[in-house]
Amino acid sequence: MSELTHFNKAGRAKMVDVSEKKITARVAKASGKIYMSKETINKVLSGHMNKGDVLAVAQVAGINGAKKTWELIPMCHNLLLTGVDIEFTVDDCHCYIEAVAEVKTQGNTGVEMEALTAVNIALLTVYDMCKAIDKRMYIEEVKLIEKQGGKSDFSL
Amino acid sequence: MSELTHFNKAGRAKMVDVSEKKITARVAKASGKIYMSKETINKVLSGHMNKGDVLAVAQVAGINGAKKTWELIPMCHNLLLTGVDIEFTVDDCHCYIEAVAEVKTQGNTGVEMEALTAVNIALLTVYDMCKAIDKRMYIEEVKLIEKQGGKSDFSL
Amino acid sequence: MSELTHFNKAGRAKMVDVSEKKITARVAKASGKIYMSKETINKVLSGHMNKGDVLAVAQVAGINGAKKTWELIPMCHNLLLTGVDIEFTVDDCHCYIEAVAEVKTQGNTGVEMEALTAVNIALLTVYDMCKAIDKRMYIEEVKLIEKQGGKSDFSL
Amino acid sequence: MSELTHFNKAGRAKMVDVSEKKITARVAKASGKIYMSKETINKVLSGHMNKGDVLAVAQVAGINGAKKTWELIPMCHNLLLTGVDIEFTVDDCHCYIEAVAEVKTQGNTGVEMEALTAVNIALLTVYDMCKAIDKRMYIEEVKLIEKQGGKSDFSL
Amino acid sequence: MSELTHFNKAGRAKMVDVSEKKITARVAKASGKIYMSKETINKVLSGHMNKGDVLAVAQVAGINGAKKTWELIPMCHNLLLTGVDIEFTVDDCHCYIEAVAEVKTQGNTGVEMEALTAVNIALLTVYDMCKAIDKRMYIEEVKLIEKQGGKSDFSL
Amino acid sequence: MSELTHFNKAGRAKMVDVSEKKITARVAKASGKIYMSKETINKVLSGHMNKGDVLAVAQVAGINGAKKTWELIPMCHNLLLTGVDIEFTVDDCHCYIEAVAEVKTQGNTGVEMEALTAVNIALLTVYDMCKAIDKRMYIEEVKLIEKQGGKSDFSL
């Protein structure tokens, strides 16, 4: 049975040693959703059309979040991200906004956490900008959907 | 119908002017869950008992996340947090770990975003430390559950 | 003749002691311009209309810059900003974009540096996003235009 | 006609994918000036001679600014800077201080923004340390003056 | 017997709740020493006289360290520092440099950690700038020497 | 006689140019001690056994400190750390806790400062969490104990 790798012999957390791992091209994709009221999602949509573009701010925040992952997740390695993009889908029928983040690096460890953090921070930013009119929003289904370039690929 | 408050006349995002708001004692509570496999949750639990305490790291990460909210959420105000605590519940029957964060301040704007960010970063840290053995974890039900001290109180 | 206040008796820099100064409502306004080619400014303008909104990104960056001033300017005090807004004017006749930032706080020292930093970072972000098509842009006339709430008001 | 490269198909900002670009030695040089009153520039000069060295603080601030560029300019890549230096020229005849920053990296994208940010933060630090005696200083001519190691070299 | 206050009922670390504590003027002073070889200390001294001023850089670094304490020490509260100063004494007879940092705030918790962090970062900066010529330097006697404005004053 | 390398011709600090240095595997180890009262060290020890684990928090803080070294030490290069671990030894006879940090990178400059910063921040975190019961703790013997992979190896 495999073991948690982030602990040293004393049982304390460490930053896993990846010195011997090869530098390869790595990609990770993550997604997540924020649910809100009909009224709120309509506000977001109308801002997108006219002025008051919530998702433009969330886009910048998510990319910033990806870059700051190493500061936020204690055992994460610092990496040089070579590309970050986020796509939003607004589903005004089921009242959610979905964010999908794709992160790339050339490195010796993967960028799953960077993609997941980008999604989370983007969705939290949507929350922040809509919270004056809706306190019942919630974030759901934040998950990794794809990962390439490490020991083993993964795809949901 | 109420309007999104984070935009100026040109339709661009701004940090809302709270200069005239009163400084009051404010509290916010948020919660969220991370679901994982039976095997993974058992690892987390056994680490908790013996060594390799995932949640001790997630606790520190979540508190750090609360403090860094102003850096992550673009239109958030910087605040002096006067207290942050996080509680974890491990439900090994339904295979999730729940984090509940409580944040306090004496300020002229609320700490909802700080509580939500604390929850998110704590759960992402659990993800990070378990991802070597489980890539199918997902975060669910991140939401505000209580808020006091502003214009209107809120409780789920 | 007045003296530079940021130095101690040994002639070394210090963060000036403002413990005894009163907490008052303070506002500062700063402005600056970035000049670019006709072609570049037209790109920025057309993005503004359709898609590819350079100034939306610069807006977020400038506000973030205001919040990070204390990390960037060594002797600056950390302050709780209570409002930040930036306005852009695009002058496609004289080929410049002007940014005007207004920053507010309730504090014992002013927010001139925050307003100036917001302007600078906003203009640098415009530079970054246009530099692939124009390497001859330059930033001009970054200056304080107004300041209220301290020992003496100032207005250009 | 070339296009702005920082936007995805949805018209939203992205961190440009540089994964396929070659890692080369890159250098960028930028410059800028801060103008001040005769009295102020004499203070700066006398501090330089005796004690109260404004430019020593500005030097450290500018180098720090170069290192923090990725945090400040939203679509900038994080890079490993392999060298940063700043040179100041004090022209007490025309009452300005000029900063020239040179930044180096081994990377797959250039360091123009790092050099420009170093100049800006250095000049803002001069502003901060002299603002108690002079509120009419202004920053001018912040521009790229040289760039090597990318697709095309540039020199003013 | 008094208890460690930084833990919640579950035995996990928390940011202690200081919401109810009064805002008072607080001061803390800390000191520490770095020992080095005769040759190294002479280099530092001669730089101080002529050019290559190690302590000017250490001064800026220490003040920056004080401001970043909340980011470095997990359970520290963010505070608005109202003054930071550092004084160095070079003892070329016993071959050490002593740093004494004084930090002030108006807040509901003390600034001991800020003063101690300022000292540490200042001394580490001296180490960094001298390490090319001396790898046997060491830091000693980092301690709090004075504290005022809290529940009880302290003086060494 | 060797010279301090961190200064340019004008005698001002610079980030040393390491562009031409080879990328090699580098390791550094540093150590330090915090002394405290018998009562305090017993508290720390009993927390370790039961609940209230001071060293678990110090571990996370120290690793974070290593990652933030480039932000704290002005002339330090940003590096991609490929491994960080910290080990604590509690000597309840002589009343000290020793931290030993090991840091690894693949880079063109060493990680001494990262190891030293990890030790310092870990020990300061112990200080923070015990300071409510002991104000007379002090940090001693912070030093480099090993360094490999650069121009010359070093071992104490």
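Letters A, B, C, D, E and F mark the chains in the order given here, with residues in each chain numbered from 1 onward.
Operating definition for what follows: a contact is a pair of C-beta atoms (placed from the backbone, for glycine too) under 8 Å apart; a residue touches a chain by one contact, two chains touch by 3 or more.
Not measured: the values here are computed from a predicted model.
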Chain pair showing more contacts of the two, C-E and B-F: C-E
Contact-pair overlap exceeding half with E-F, pair selected from A-C, A-B or A-F: A-B
Mean-CA-position distance for subunit D and subunit C (Å): 15
Cα-centroid distance, subunit A relative to subunit D, in whole angstrom: 31
Centroid spacing, where centroids are CA-atom means, of subunit C and subunit F in whole angstrom: 36
Multi-partner residues of subunit F (each touching 2 or more other chains): 10, 12-13, 53, 56-57, 60-61, 64, 68, 71, 74-75, 78-80
Touching residues on subunit D, where the partner in the complex is subunit E: 53, 56-57, 60-61, 64
Subunit F to subunit E touching residues, read off their complex: 1-7, 10-13, 32, 39, 43, 47, 50-54, 56-57, 60-61, 64-65, 68, 71-76, 112-113, 116-117, 120-121, 124-125, 127-133, 135-144, 147, 154, 156
Contacting residues of subunit F [partner subunit D, same complex]: 8, 10, 12-19, 70-71, 74-75, 77-80, 107-108
Residues of subunit B touching subunit E in the complex: 25, 55-56, 59-60, 63-64, 66-68, 78-88, 104-106
